[in-house]
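Two complexes are shown next, each including subunit A; its partner changes from subunit B in the first to subunit C in the second.
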Partner chain A sequence: MSDLLKPEELYKTDSRPPRTDWMDTPVEIRRGIACYAGNPKSLEYVGLPNARKWSCFDEDWQLPENWQEIIHEGFKERLEKFRSFKVFMDICVRCGACADKCHFFIGTGDPKNMPVLRAELLRSIYRNDFTRAGKILGKLGGARPMTLEVLREWWYYMFQCSECRRCSVFCPYGIDTAEITMMGRELLNLLGLNIDWIATPVANCYRTGNHLGIQPHAFKDMLEFFQEDIEEITGVLVEPQYNKVGADILFITPSGDVFADPGTYTCMGYMMLFHYLKEKYGFDITWSTYASEGGNFGFFTSHEMMKRLNAKMYAEAKRLGVKWIIGGECGHMWRVINQYMDTMNGPADFLEEPVSPITGTKFENAKSTKMVHITEFTADLIKHGKLELDKSRNDNLSVTFHDSCNPARGMGLLDEPRYVIQNVCNKFHEMPAGTIREQTFCCGSGSGLNAGEDMELRMAGGLPRANAVKSVHESKGVNTLATICAIDRAALPDLMSYWVPEVEVYGVHEMVANALILQGEKDRDTDLRGEPLPGMEDSDE
Partner chain B sequence: MNLKYMYSLLAVIVLFLVSYILAGTGMAFKVLFGIILPYAALLTFIIGFISRIRNWARSAVPFRITTTCGQQKSLPWIKPNAIDNPFSKGAVVIRMFLEIVLFRSLFRNTRLKMKAGPKITYNLEIFLWVGALAFHYAFLTVLLRHLRFFTEPVPILVQLLETVDSFFRIEILYDINQFGLPGVYISGLVLLAAVTYLFLRRVFIPNVKYISLAADFFPLFLIFGIAFTGILMRYVTKIDVVAAKELTMGLVSFHPTIPEGLASIFYVHIFFVSILLVYFPFSKLMHIGGIFFSPTRNMTADTRATRHINPWNYPVHVHTYEEYEDEFREKMVEAGLPVVKQPVETPPEETEKKE
Partner chain C sequence: MELTALLEKKKETIVNEWFEQVIQTYAPDTAMFYQGQKDAFANPVGSTTRHALTRLFNLLLKHNENESPAAIIDPLIRIRAVQNFTPTQAAGFVFFLKPIVRNLYKKNQKKIHFDELLALESRIDMLALTGFDVFMACREKIYSMKTNVERDKIYKAFARAGLIKEVPADEPDPKFI
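What follows is the complex of A and B.
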């Protein structure tokens, strides 16, 4: 991050489009924006085409000889397979309502980051290759032939979109740039054009069950490490179950929460909640080392790869003979589960319709997919008074909630996490309207862009989110940014330290666990992070 | 100079001149502009429109990718946003109705301001929404009013619409001595104003200018031309309405005739409309049909409750649990993790496939 611009240099208030028309403005692939190419070993492991060592900064991208034909055929195939793609190629009127809705455009000022132009990058080829008007009118009709220059442009801008769908909320025709980007990335993948921050997690996930490549024994090791921490803080030994055949429920969460702070505290939160429920209500839940990833970087590669990685969830649920599945806090994971999983890998007729064994609540909204979001589950527990909570333990936290893109716009999970937060924390403040709920802004690092080499892009893309946090930080004294997404927990700390340094990032279930009174716990004097609880600041002595 | 709109403007001016001059040269061109082209254009429009719709309908809808713009239906005590996160088909119908009739998504439009601080603000920006509504409804009204030319007797509803639409009617025995001003139709003026607004924003808002194609200006100029020639005929050159209707009724009844006394400007008007009809199915104007097919808006958001079927779902390679256990069995056993198959003997050293 050493050569990263300072915030005041990055913040541009006067971005104007260049004088040259966008089709005549050549793409300049810049360091700080672009990500490194996918490792050939990762591509090979999962059978992605054209695995080789290359870099986007190279002159020669080592493409297959017939790459234009591959793109053309791939385009054609996807137009038939996805009505969304065909309709979205055809009906945009370029009204510009989407333009200033994109966090990457706001942050970078690059006009090709306007959702409409990002789509036009593909549309111009679509018109040329597949429409009569485009063939006749050429550039006047917004058409252009596929060239290497266009391909470079595609690659650059398809990896400057986090598939957050904010633009689709404002589009009068519901045109969803996430669809466009997904198709663009699928097409690029046909030529072996991928980024390593996506390709390697995909290969890891295929092999070890999770993006980070944590092998089963190491996965258990890591949770054991949390067990020790929890015991030290609470005096209670929690004992998670692994790969247990015949458990009632399977729990799947992003591996990021097992791996790195501050997600680890959220992971500890799950472990403490499940322990509490087991002791008090005989709740029987198991973790899996095979299905140890909630997230799905296949989603950022292709529909096929998404399905291949997602298949483990149902396969493991079936093998273990559980009744249903609970999913942890994660963003795109929930878009996949909510809108794709049952269609791709269902029907899950070997599972039961989810019923909370503790409250008896039927989760009717999940009766087919049979997977319940942990905040739906916990909100239901709280509503029925099943948890003993001491909210005051979170009194050092003045909390605001960042709606993650996918649960917001691909699901509508808005009030469940808020309900949970407001029942475990006393201080809660919303960020300004226009930046929350369905209009929430991306962290700037979603859809596999959470790499190190594109830090400028991430800080620019995260600007609108960070700026909204800053406003409640300054007006309400907010010092805690709560999220329900593992990528958020990995990305937002960097973003906060860049734009709003005094704000820390928390998972919702970390705060639940802080407030949760475990049976037989000692007098706690710190929270899960080892920070003194309110009123305990001097008890170290 | 913005070449993109100049090309389109030039095209419309050329079309104007060509039709204006030729229509004055004799019967043959009057037949062309008044009969042949309108029929051909209408046919192209109908066939083109239907084939575009069929083309969309042919593509599969593999996933239910609703954009949810409000709270989901989950726990019974959490109030769902029934319209913006539609759980039932009925709710989708309401959502689509509001989208198509009131341009609901566009109503959400905000304008961003980046101030020093740094401070970013988002304010409601309703001009585009108002302009778009004004344009579409004015166009619709004008279109419906023109039913007067294609029906005999004129339906009462069309007459009613004309009454509502008109103001400043000063007519003294108008049918006999043509004294005074025929009722001024609000819709025509609004249409002209709205088209002008939509054009100006493409020229003066930098982002919108940057994304605009020549193809975005052409229909605006064309529609401006249509509205302008119409207004000219009605209020200035005072077209022979009876003759005009004779021509249009001739078209409708498939007994086309070219009546005497129709000025060239009338043929320009008809020609422009014909061009618009031909242009329509091959252009972005198809958004009128496309909106009905937009999967993010026309689908329910109940995917976890009701399974959606992907017609081309195909089996894929997966990494099975057995393969996984085979690779990691010894480590799992050593770590005390349950395994399905116990290791039989000391296995050969596994080589790491990845670093």
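What follows is the complex of A and C.
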């Protein structure tokens, strides 16, 4: 009842928002935008400070008494440790090039979601605490002291950035605003200010190897369940290898592929591809039930946590004695691998430089990390004519491709997925320029924001992406949104169901597997989802 | 028919004024962006707003009577239903049109034909109610998505704990035997 508006409040009909300067506009933490606080048990498990039950809607956030000192010291330590952070704090000239590039600003209309302003939330404190000009000029120089109000603002807006880095593409100074958010979240974590959609997957991943806390036997059970489905659809029994010591290659994919539709169909796709390659070329790849997560929510917590979770993948590769690693269709896993792994846990010199055992191709991009993206691997197979494919099996799909932010902007993986899609599907249409490739719009749910309680934020943030999908749906009849990220596969179905309900979400390797002709397969009449293949709509079971 | 003729003549001015007022429901910096950026893909809110208001005005002028008012107002309400608005603010923009038309009418006509004006205003009222229907449908959709997330979470937790036994598709449900 306390949430209901009083009659006089309901009677307020002025629809114009306050005209005050941003520093003088108090933050209003809204339901539908904010996420639930981290479960204290999860924080305790990984040793994060100030674990307690709290809510962002509470008056009292139960902070340590010296919280301002903790923030100040944490800020100082990071400015000294990370040269880039210091530079990003100093060099912004507030030109505004990034301002209108953020999907959260475009969709929510909240000015504090302009990347420049989100960064100013931190910069204002930086100026106040660490610059002479800020100390002398105060508010005139864009500085302000750290207060509870500022802290609330930090928390609210640091968790309204999906770290997608679209803004950084347009910054003439090359400021990576995602890294400012990362630092902001690190500082908040020093006070135990996290969200549960990040904190609990982190604890689960640290304990059992994946976000959902699936234990090894249950992980294997799920793949066995897919084996049955694949056998029913194709008549072929695929047999994945688990934790095989001495296998050539280790395969690591996000656990979302194993446990959440429609990612599960992508997972079946990997299994079928690996079976095909094993039968035809003796390909030797193993799954791990311990390193059973490609995702790394430590990335959304702190650099220390990112390092701890990333290390598990390489520790498992070392334990099994594989030559190199193939990674599945994941988003932020690839930013961690491509941009941070080498200086965190690298060099992985106990592994070999990846070379495809089937085509002999050297994967130069993965020379140092020893980890190859599966679409790059599959694109190479197709290029060398190593796969037998029947594209017509995907003729009921009219496909567009959503470049996932991290593979696109974090590692430049732009053409390989398109090449694969165009070799397994006959109908492919690009979304408008400015919404794809390096300039792709985020799904609106990345960096741990794919919760349920912040659905309004997710829908508003995903609007620019959905708007582009809608245009190709209306102009080209597109009914399929393909993507190479597990968070996309979890988040985009919701986004589509709100904005463009006629469009379904697919992983690329699901479409590969639909087209792939397995040795000894029966006449297939359905796709991996059990839907009739084109031309089979009227056939009986 | 004097009012209709006037509205036809001043259509662009009216829609521009309406658009301006709707855009002013956003913070000043945001309003500037929504107004200024013409690329529909860089600025879906501004472009959808302008497009929807133009079509809604045509509807009030009875140009596209065979089109569903709900379908025309839907894209705009769908956006405002997930932004930082109360229901009044999200769906109430339809009423902004009344003073715009009244002022224009007063300025341009010596004698006001109230029957025509009231008829138009009744149509505006109906349009606002349609907008509210769409707003509620959008909100219900959001609530059902939130519910599904929670339901799915519980189902998966039960499934992982081995507490769910699904009836195979080719076997009858025991409770119906």
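By definition in this document, the second predicted complex is superposed on the first by the 522 of 541 C-alpha atoms of A that agree within 3 Å, B and C clash if a C-alpha of one lies under 4 Å from a C-alpha of the other, contacts with A are read in each partner's own complex, and residues count from 1 in each chain.
One rule holds in what follows: contacts are C-beta pairs under 8 Å (C-beta built on N, C-alpha and C of every residue); 3 or more make two chains touch, one makes a residue touch a chain.
Here the structure is a predicted model, which is why all the values come from computation and not from measurement.
Annotation: superposed three-chain arrangement on subunit A; subunit B versus subunit C shows a clash. In the superposed model, A:P17 lies in contact with both subunit B and subunit C.
Of the two partner chains placed by superposition, subunit B and subunit C are both touched by A:I106. Within the superposed three-chain model, A:Q68 lies out of touch with both subunit B and subunit C [touch as defined at top]. By the document's definition of touching, both partners, subunit B and subunit C, reach A:M114. Once chain A of one complex is fitted onto chain A of the other, the partner contacts of A:Y498 are limited to subunit C, with no touch recorded for subunit B. In the superposed pair of complexes, A:Q422 makes contact with neither subunit B nor subunit C.
Of the two partners subunit B and subunit C, more residues of subunit A are touched by B.
Once chain A of one complex is fitted onto chain A of the other, the partner contacts of A:E453 are limited to subunit C, with no touch recorded for subunit B. When the shared chain is aligned, subunit C comes close enough to touch A:F259, but subunit B does not. Look at A:S471: by the touch rule set out above, it reaches both subunit B and subunit C.
Clashing C-alpha atoms between subunit B and subunit C appear in just one of the listed stretches 111-119, 129-137, 147-155 or 219-227, and that stretch is 111-119. Comparing which residues of subunit A touch subunit B with which touch subunit C, the overlap comprises 13, 16-17, 99-100, 106, 111, 114, 432, 434-435, 463-464, 467-468, 471. Note for the complex: subunit C touches subunit A at residues 24-30, 33-34, 37, 39-45, 48, 78-79, 82-84, 86, 88-89, 92-93, 138, 141-142, 145-146, 149-150, 153, 156, 160.
Residue ranges on subunit A touching subunit B, taken from their complex, read 7-8, 11-13, 16-17, 21-22, 41, 45, 47, 79-88, 90-97, 99-101, 106, 111, 114, 116-117, 120, 131-133, 137, 140-142, 165, 168-176, 179, 203-204, 206-209, 213, 215-217, 220-221, 242-245, 289-290, 303-304, 307-308, 311-312, 315-316, 319, 337-340, 342-344, 346-347, 361, 363-369, 371, 376, 379-380, 383, 408-416, 419, 432-435, 437-439, 463-464, 467-468, 470-471. On the subunit A side of its complex with subunit C, the touching residues are 5, 10, 13, 15-19, 30, 32-33, 99-100, 105-111, 114, 212, 214, 218, 259, 432, 434-435, 451-453, 455-456, 459-460, 463-464, 467-468, 471, 494, 497-499.
Put simply, subunit B touches subunit A in their complex at residues 4, 7, 52, 55-75, 77-81, 84-85, 87, 99, 103, 105-106, 108-112, 114-116, 118-120, 122, 128, 132, 201, 205-216, 282-284, 286-287, 290-291, 293-297, 301-310, 312-313, 316-321, 324-325, 327-328, 331-332, 334-338, 353-354.
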